[in-house]
């Protein structure tokens, strides 16, 4: 994707471009810049793009958790995990650069092995060794195939759903009905819309404008908390 | 050149590939220390004679190779195509393996954040890395390590000659405007585009 | 040894195979007569120094090779490499071929998830597997099968005697029994046959 080796490479580029502190990443800012970057890059290489989308989802996840009152610790943990990965990858790039310098332009030439009279293999093995080796090679094989590009078509449809629009939508509905069925809020709509709705909901909860019912089934409007968004 | 050195030179010559000092010791029925000593003087002797090849010491193994300055004429005569320089991705994978071996492909991908299987396959095929074993961890994944060709390519005799890892470190970016920045409370900044 | 002779020696060294005098002449931009003359004196010089290798002249082509009297010591040193027991990776490739033959290299790599071309080449060279056919699928890839040497080495007379791998499915996991999870080092299984 573009000239980037991967999403970590892209993030390091953004961090350095915007003079951010790698030890204190500002997730919201980074997410916004990262999304803009992905927008700029061509979306032709879908397989590579999947890794970039995964990182986008991860940044959204961290940001989302940071908005939840009781999940700040978890958000901080995930954020420092990402920081660790970025630092590790930055070191990896520095080592790669050092190796590039060490590579000598003039190679040594070596000889092919001089033909020798063959002596037969002298060891004997038990056939059960083969069965074990076969199991080792096949038995715990991991599914390595990346998901087919088609699976990402829906995601890369690129519909922009502003969170603010979903906040207005939720407040409008709540003003009329005072409470809404939690699941109904997420019914239908595209994935990006549902994610935006979810973040909007988190925003409203954090701001104390709405709350969830005891059984988590309903969203309830906190009276007197309407004005600021009207 | 004494008789033992003559034999050692013959073995290195015929082998082509790097050969362990222990194997030379066994074949010649002498100690490893003797082998190392004999190779040192043999090496000096070859260079005094201005021979076009030299003895390389690569991770405990010895290999005969032509001197670097002769590479252009050999390339021309044997019509060898110059190997394409290693790509950034290949160098990154080599860096991870060199400093952490034995390492699994999963580890490499974790550090780089991208699928690296084709690069690992390519480096294996070119002989810079090789399977060393399966690790004794669940799933028994295959682990990779670097080869003598890796050492030769980067002009070192031993992994300990790799640049000190502590000389590499994350550079903190200037923190001028980090103070005011935490979660923006303006919802318009959170437009989502998935 | 002058500079031209040094270059010729380097080219012969790196080539391994016989190389035509005309090719040397072209690479060095001298005449064929000059090449022949230079090689004659080079040959004398090598033998005066009692070098363990010499220049062979065969049908207009030159080749560097070790002197005949050194063959036994070279064999002694290099045979240990050839006689080394099969590695874990080799056993796996062999098992995949044995249970699925005829199989292509692509199939082997798909099962193992790593490039296995050098292992396949090595097993072919050792005579455990051979090309059996080209498969009747697009690209007509080469397929490999096991040889009689393979059967002998594993003590079976027929492929039908291969143990059912699934009867071993209750294999010790590495964390339970690491010793057994590696290749058996049971000395009984490694007895030399000679």
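Each chain carries a letter (A, B and C) given by its place in the written order, and its residues are counted from 1.
In this text, contacts are C-beta pairs under 8 Å (C-beta built on N, C-alpha and C of every residue); 3 or more make two chains touch, one makes a residue touch a chain.
Not measured: the values here are computed from a predicted model.
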Which chain wins if you rank chains by how close their C-alpha centre is to the centre of all protein C-alpha atoms? B
Set A-C beside A-B; more C-beta pairs touch across A-B
In whole angstrom, the CA-centroid distance of chain B from chain C equals 22
Rounded to the nearest Å, the gap between Cα centres of chain A and chain C is 45
CA centroid of chain A to CA centroid of chain B, Å: 32
Name the residues of chain B that each touch 2 or more other chains. 13-16, 64, 66-67, 70, 74, 117, 134, 140
Touching two or more other chains - residues of chain A: 109-114, 116, 136, 142, 144
Parts of chain B lying in touch with chain A, wherever the complex brings them together: 13-17, 56, 63-72, 74, 83, 85-86, 88-89, 91-92, 94-96, 98-99, 110-115, 117, 134, 139-140, 152-156, 163, 165, 168-178, 181-184, 187-194
What residues of chain A sit close enough to touch chain B in their complex? 5-9, 15-16, 19-24, 26, 28-29, 32, 35, 39, 48, 51, 53, 55-57, 60, 63, 66-67, 85-100, 102-104, 106-114, 116, 136, 140, 142, 144, 146, 155, 158-164, 167, 191-192, 195-196, 199-200, 203
Chain B to chain C touching residues, read off their complex: 1, 6-7, 9-11, 13-16, 19, 23-24, 26-28, 49-53, 64, 66-67, 70, 73-74, 76-78, 105, 117, 120-122, 124-125, 127, 130-131, 133-134, 136-138, 140, 142
What residues on chain A touch chain C, complex-wise? 109-114, 116-139, 141-142, 144
